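One structure coming up, written as structure tokens, with questions to follow.
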Amino acid sequence: MTTINFLIYLLTMIGIYGFLSLSLNFQVGFTGLINFGQVAFFAIGAYTSSLLVCKAGAPVILGFLGGMLLSGLFGYLISIPTKSLKSDYWAIATLAGGEVIRLIALNEGWLTEGAFGVMRIPQPFRALFSMDTYPLFYLILVLVCLAIAYIILSLLSNSPFGRDLKAIRDEEELSLSLGKNTRKLKIEAMIVAGMVAGLGGALFAHYITYISPENFRPIETFLMWAMIIVGGRGNHLGAIVGAVTIQLFNVSTRFIGAYLPFTPGFMAALRMVIIGMLIVAFLVFRPDGLVKERKKIYRFKNDDGEVD
Amino acid sequence: MLAIKELRKNFGNLRALDGVSLTVERGLITGLIGPNGSGKTTLFNVVSGFYAKDGGEIRFKGKRIDSLTPDAIARRGLCRTFQIAKAPEKLTILENMLLAANAQRGENPVSALFKRHSVNKLERENLDTAMELLTMLELAHLRNEFAGNLSGGQKKLLSLGRMLMRNPDLILLDEPTAGVNPTLANELLEVIKSLQKELKRTFLIVEHNMKVIANLCEKVFVLNFGKLLAEGTPEEIQQNEQVLKAYLGGT
Amino acid sequence: MDIAQILANALVRAAELGLLAVGLTMVFDILKFTNFAHADYAILGAFLVYTFNCGAGLNLFLSVFLAAVAAGLIAVAIDKAIFKGFRKKGTKSVTAMITSLGIAIALRNIVRMIWTSESRTYAIPIQRPLRILGARITPVQIGILITSLVAMIGFHLLLQRTKFGKALRAISDNRVLASACAIDSEKMIQWMWFLATAFGVVGGTMIAMEHLLYPRLGFDILIPIFCAAILGGIGNPYGAMLGALVLALAENVILALDFGHILSFGGLFELGSIQIKTGYKPAISFVILVIVLLLRPTGILGRK
């Protein structure tokens, strides 16, 4: 692989994980919902889109939409019990939920091809580009979509909706006492988050063109968690910074590993030890992450607020 | 406006509310007093829907509210503050005020994205109201601070500010002036009084300071061990032997 | 469906899970956070047992004892390094929970680095199962049952009959108040970590003994442990034991059930035999967990 190809690959993977960390940050950093099954959105987006395209013959764009919708629907479903569950319990339930989705992908071979995985997933606009230029096109596609997701999420978090979510995160009882329908707000937040992550999953599937349940192990969820903890929660920039940092680390150590006298298994384990320790170290020494949550400052036109 | 009948609430064997009946008249400031642990906060928690009752009924504006969720009760116009003031720590003071605004648009993703113009317009109006109230509460200079950085007393002020912002029909205040400096506390009480006089707002206030109660309230209820010990005007209450006993200790 | 066999299998499984669930529930009871690393402490210990037993050739019981002590000390050290600071600063319990997830990932992969991802077995000779009341049960399983029973009784005595148990309960109710009553709560908390982890190591070793030992085992048993602890009402050690039993029974019954027979109302329709695919075996405890959470989040014993 040439350096430029490697760079394009790296950036594309950063972009794809950007969706997942943006989405997780929207749940954890804005709404205070501790989701340990984030990988489920990733899997649902990836499988729905590839199956729609490969099995039902839908155009890729429909696959993407389907992936987003189904993933959003999953977000809706798992957010229903947040009403009655303490956050610890909900976290455990989502961890279990993520595994159930993977087990379904593994066991329902008639639909998902089981452990073999879905192969030869078509790529959008493939015919318009040559072998060499297509990766660059795909990178741009991913980054454009990511930018749109980023803008939409920023608009949302800056709106009264986003303010309500933060209030739920910090003081749920107070939000209730002010008449906020916290249940509905959480559901809406989870649908939004599910759609964003689902799009990430779909983009992933059509990028690497082959997915199997192995791609959706719980370890993926932990990577996404590392991203938002390192990057910082409660602002979208942090999620992106986290995705860049962790993916740089993840992919580059894979690269460096080839030059070190260790087995691949050892390297993979070492990498995860460092990720785990990063999570712990940041929570202990820099709980806000690299990018702190920012204040929303209102400016007054006639500056009458500034007199005092 | 608020009618509570035979309200019961138990925590295990403890009868925190043991058949309490009381009424709050529209347009008046009603006081609720009693020794520590007599059940005042518990009453607020049950009325505002945070705790499920174990018996009795609660009517607000003539309708039963005792099986509603706290947010539904708040939307019907009954709002409460907390004895230990709460404030979302990573929202600024100004955002805290906006959060409470009664009329808001853009509280769901669709309208937040697609009706940005009208959302922003209403936000502007709310901002102006919020700034006025903050100035009155002497919090305006802190408007861009995270609420998490406020002192306990300042948080109390902020909770009152949110109530004024929200402007519900009935406001339950749990020790609104505890920890607030005396001059400001007096001003607050004046504000509450003027709200009642001019805007005909209704209050139910928990307060330990008898002077404050005497000054503010037309009617006072006294709780002791989860039971209603006495009710009447502040003068009557101050002369009630049982109340004096309860407050001076001994049963 | 062989009822005696199902019961036997369920009892063994409950004996294993119970020891793990008790530890999880203890940490929750005292420190008020869910320790996602609990199962990984236990599996780290189980690998230590493997090294003592198969590497150093020590007797199995001695190996378990040494490994339990070692893992217990590691848990205490981690607490001193990380959670103690959280307690001092009054960090939110959610943060502690996420931190424990990070610890879990690190520990699991340290195990992979040291022992590789291969599956291993202890040096126990293969034994012919005995027949007891019609159920086939191996001597190892009998050993598991007895060990677990002894450990549980010991735990009960410790909790009810000793000063330590009383102090622990006081801390669980109110840490600040307990400190005011001259209980050295930090020391008690260290003992609690030590015990919870040591119990976990025994439980984890027993599970590995019966099946296989591999680094991801910690994750695979995490959900069943949570399920048992929550079923019993998290924070309640006796509930955890009962929860383990209920979960184990449910798992084994569901695996043995022929849903075809049930859905056809005892043979009214021809449905053939429908059993849970073995691929879904891990999902059973997930689903039970979710159902329990939805229907009775306070557990079957129902605290509060």
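For reference, chains read A, B and C in written order, and residue numbers begin at 1 within each chain.
By our rule, a residue touches a chain if its C-beta (ideal position, glycine included) is under 8 Å from a C-beta of that chain, and two chains touch if they have at least 3 such contacts.
What you see is a predicted model, and the numbers here were worked out from it, not measured in a lab.
Chemist: Looking at C-alpha means, what's the farthest chain from chain C?
Modeler: B
Chemist: Name the chain with the Cα centroid closest to the overall protein Cα centroid.
Modeler: A
Chemist: Express in whole angstrom the distance between the two chain centres, defined as the mean CA positions of chain A and chain B.
Modeler: One centre to the other, that is 41 Å.
Chemist: So how far apart, in whole Å, are chain B and chain C when each is placed at the average of its C-alpha atoms?
Modeler: Each chain reduced to its C-alpha mean, chain B and chain C end up 46 Å apart.
Chemist: Could you please state the distance in Å, as a whole number, between where the Cα atoms of chain A are centred and where those of chain C are centred?
Modeler: Roughly 31 Å, centre to centre.
Chemist: Touching residues of chain B toward chain A in the complex: what are they?
Modeler: 48-50, 69-71, 74-75, 79-82, 86-92, 94-95, 98-100, 104-109, 111-113, 116, 119, 123, 127, 131, 140-141, 143-144, 146, 148, 162, 166
Chemist: Which chain A residues qualify as touching chain C in the complex?
Modeler: Interface residues on the chain A side: 34, 36, 81, 84-89, 91-93, 95-97, 99-100, 103, 106-107, 218-219, 222, 225-226, 229, 265-266, 268-273, 275-280, 283-284, 287.
Chemist: Contact residues on chain C for chain A in the complex?
Modeler: It comes out as residues 33-34, 82, 85-86, 91, 93-95, 97-99, 101-110, 112-113, 116-117, 219, 222-223, 226, 230, 277, 279-280, 282-283, 286-287, 289-290, 293-294, 297.
Chemist: In the complex, go through chain A and note every residue touching chain B.
Modeler: 152, 155-156, 159-164, 166-167, 169-171, 173-182, 184-185, 188, 191-192, 234, 293, 295-298, 300, 304-305, 308
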